[in-house]
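My questions all concern the structure below.
The first chain written gets the first letter, and so on, giving A, B and C; residue counts start at 1 in each chain.
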Amino acid sequence: MPEPLLVVKDVQKHFGGVHAIRGCSFQVAGKSITGLVGPNGCGKTTMFNLVTGTFRPDSGAIVFAGRDVAGLRPHVMARLGVARTFQLTRVFKSMSILQNMLTVPSEQPAGERTRWAAEVLDAVGLAGQPETTAGNLSFGDQKLLEFARIFMLRPKLVLLDEIFAGISPALQERQMNVIRDFQTRFGVTFLVVDHTMRVIMNLCQEVLVMNQGQILARGTPAEVSHDQRVIEAYLGHRTTTKGGDNRGA
Amino acid sequence: MNTPGWFAALLQVIINGLLVGGVYALSAAGLNLVFGVLKVANIAHGDFMMLGAMTAYAVSLKLGLSPYAAMLVAAIVLAGIGALTQRFLVERVIHSPMFVSLLLLFAVSMILRNGALHVWGPTYVSLSHDSSVWTVGPLSFTKLRVAVFALGLGLTLALLWLLQKTAFGQSLRATAQHMDLAEACGINVRRVRMQAFALGTAIAAMSGALLVMLFSVNPSMGEIFVLKCFAIVVVGGLGSFSGAFAGAMIIGVAETLTSYYAATQLSDVTVFLLFLIVLVFRPSGVLGGKAT
Amino acid sequence: MKNSKFLRLAPWVVALVALLVVPFTASGYITALFLSLLMYVTLAYGWNIISGYTGYVSFGQVAFFGVGGYTCAILAKGGVHWLVGSLVGGLVAGLLAILLGLVMLRLKGAYFAVGMLGLTQLFVALAGALKRVTNGSTGIFLPPSLTLVPVYLTMLGLALAAIIGTIFLHRSAFGLRLMAIREDEEAAESLGIHTTVYKIIAFSISAVIVAIAGGVMTWYVSFIDPQSAFPASLNLTMVIMAVFGGPGTVWGPLVGATSLGLIAELLWARYPGLYLVIYGIILLLIILYIPRGVVPSLGDFLRRRGEPVRKRRSGAVA
């Protein structure tokens, strides 16, 4: 098995009386595409917030590239190479597409950054009018822009929170291709949260199943989807094959 | 009595502070109410207090009403002004980002304050009508202060009763907690917002009318008092009524202590310093009220 | 190509030359009027950096006006040249803003706005209380300045610096990141922007600009006391002018400060009490009908009319 890029060990997180993460442990292999699935409210987004430094874990360790990063500020995590998208899309609405991309700090010279921005925009299919104001884009295009923007960080690890929800299968296909492409060309590691099982099955080499703040099962998509515990966890929650729609944050 | 002199003096100062605190508590409750239901920081609150004070003063003088009757008139007038302000101004930006309603009420504050300065001029007025005292041992209680404190306290409790025990209060609280859900449950949230704002300005007016019985005030009073109210609300924890009550007492006492033992000019320094320190380091209030 | 660039710059050059000759040719009244306008322009640009670009709406930048004013007055009293005094005032305010920013900028939205209002009142109260330094409510009297010209030229330079600085800011990566903080601070942070540092720098730059203006104006009126150091009216006008023109835009503060500044001077002479009421009404109307301000709304209007927009507003980072 390849070196794990991210190791989460026995992490706990409370919100007042809510025990959101209950001793969660898992590993994400470097240069892999790993899925993270689980019923609504099981703690996937909270786990992302812990890994990216938005929240500090109550206890437990978060090790990224061999370094304990628990509690580091989000901007530090970003500089270390951990990028994330938000479940509710957060583009800078009054700025143009290109400005959204160029806002991201980097050590690269300006010319190189602009070229890279163009390349990424082209890959996701937003190269058309870089001067368009982001707020005027369709919902799907805003999601694409947020997705594209994180690659300006030249990240090592990318956390994607339901970027496939509510967009057309054609666009989903395109995003999947971009993910695979960045994985093979640049060795980027992806941790993908989604309720769209078709995407998870197609895209991921390994799937982690979360339930009530813990990892319940892990394995290949085929193994996991036949695991009795997983099916039980989902029972009564939702059908596992349908695309995600109107869920709360 | 063998109470040492310094102790009696200290006790007296603290009592005076607590007595003023009653009015502050009432005013802060109005600010809290508007923030809770509308999620709007009413930066014109102090100017509504001022309008209440000036209206009570004018009514009492022109119509020869008692200051307490004048207070009720001021409350009714200001409830009307508040309802109109909400319906035609605040309601239109209620779904905009926070800073829009903030700037809007900032504009309202400018208009009220400078309009009042234009109409009444910068002279200080007061309705103080009684200076008799009760004496208990070494302590003395100005009857007027006690009456004003009792009224402030009584009105605050009445507001709490209204919020907790009546159907009207129920709809206000439902809207405060979950605007969308309240709407889905058939509550007319637009009307509730208007009622809450009108009630908030009426409360501001009553506290202003009570203040003008204790102190001299002028049309610029809002500038300081809005900050005092925010200080109280922040010290007590935003949205917490019992916290605001404690906050009012803390601010009242801090003020009188500074005036007595340091200098009168420093009392504002103390209040704003307390305000900023709490705002920055304990944003959920010193009493650990609701976090925001 | 060269020609068109020249044509575009020509009006600005003419305006600048006109502004430069004003104090030498126009009457004292007109010069004083222009001085006021230049001060408004400067203050509106100062406010725009922290509140327009970064989105931290401050109702208390006038605190730095007073800090600059007092620094200049105290130094001038001790024999330092007023221009040096004003610049030192800017420096003091800038450093103070870094310290204050560390705590104040942790506040968000209404908390920051009201907190800054409270901070200003604190400064007023302190200025009255620290008699040894500020001479309390008696104030500090300075020798009257005999000529307006140096004061005027200094304010012109300051206003120009603020405008040109904003032009660069708007096109820079730094400015882009301030806007990102305004749009969504959490997202900005997730993209590796150290938001605290950016906010404090913006706050400090804003303070420096406002404070230097405060120093220059204090020398101009030869007097300072707690009321004149932190004038509530200025606190209001700098907000209104920037919001009127268009906060977070390059030209908004200029348009807002000159138009409303002219109105203020006219109204001020005739209805000294009412002009702030009228200002309040203007602010109300702006917020209700064109919340983005005159400049962006006018831009939209022209674009809809199908007029060719010559300026390619690619704020893209070079």
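The criterion applied here is as follows: a contact is a pair of C-beta atoms (placed from the backbone, for glycine too) under 8 Å apart; a residue touches a chain by one contact, two chains touch by 3 or more.
All values reported here derive from a predicted model rather than from experimental measurement.
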Note = Per contact tally, chains sharing the most pairs are B-C
Note = Most central chain, judged by mean Cα position vs. mean of all protein Cα atoms, is C
Inquiry  = I'd like to verify one number: the distance from the centre of chain B to the centre of chain C, where each centre is the average of its C-alpha atoms, in whole angstrom.
reply    = 33
Message = For chain A versus chain C, what separation do you get between their C-alpha means, in angstrom?
response = 42
Task = Would you kindly tell me how far, in whole Å, the mean C-alpha position of chain B lies from that of chain A?
result = 48
Task = Under the touch definition given earlier, write down the residues of chain A that touch chain C in their complex.
result = 52, 54, 73-75, 78-79, 83-84, 86, 90-96, 98-99, 102-106, 110, 113-114, 131, 149-150, 152-153
Query = If you look only at chain C, which of its residues touch chain B in the complex?
reply = 55, 57, 59, 103-104, 106-107, 109-111, 113-115, 117-119, 121-122, 125-126, 128-129, 232, 236, 239-240, 243, 273-274, 276-277, 279-281, 283-284, 287-288, 291
Request  = Within their complex, state which residues of chain C touch chain A.
outcome  = 173, 176-177, 179-180, 183-184, 186-195, 248, 314-318
Ask   = Which residues, counting only chain B, touch chain C once they are in their complex?
value = 41, 43, 89, 92-93, 96, 98-100, 102-104, 106-111, 113-115, 117-118, 223-224, 226-227, 230-231, 263, 265-266, 268-269, 272-273, 275-276, 279-280, 283
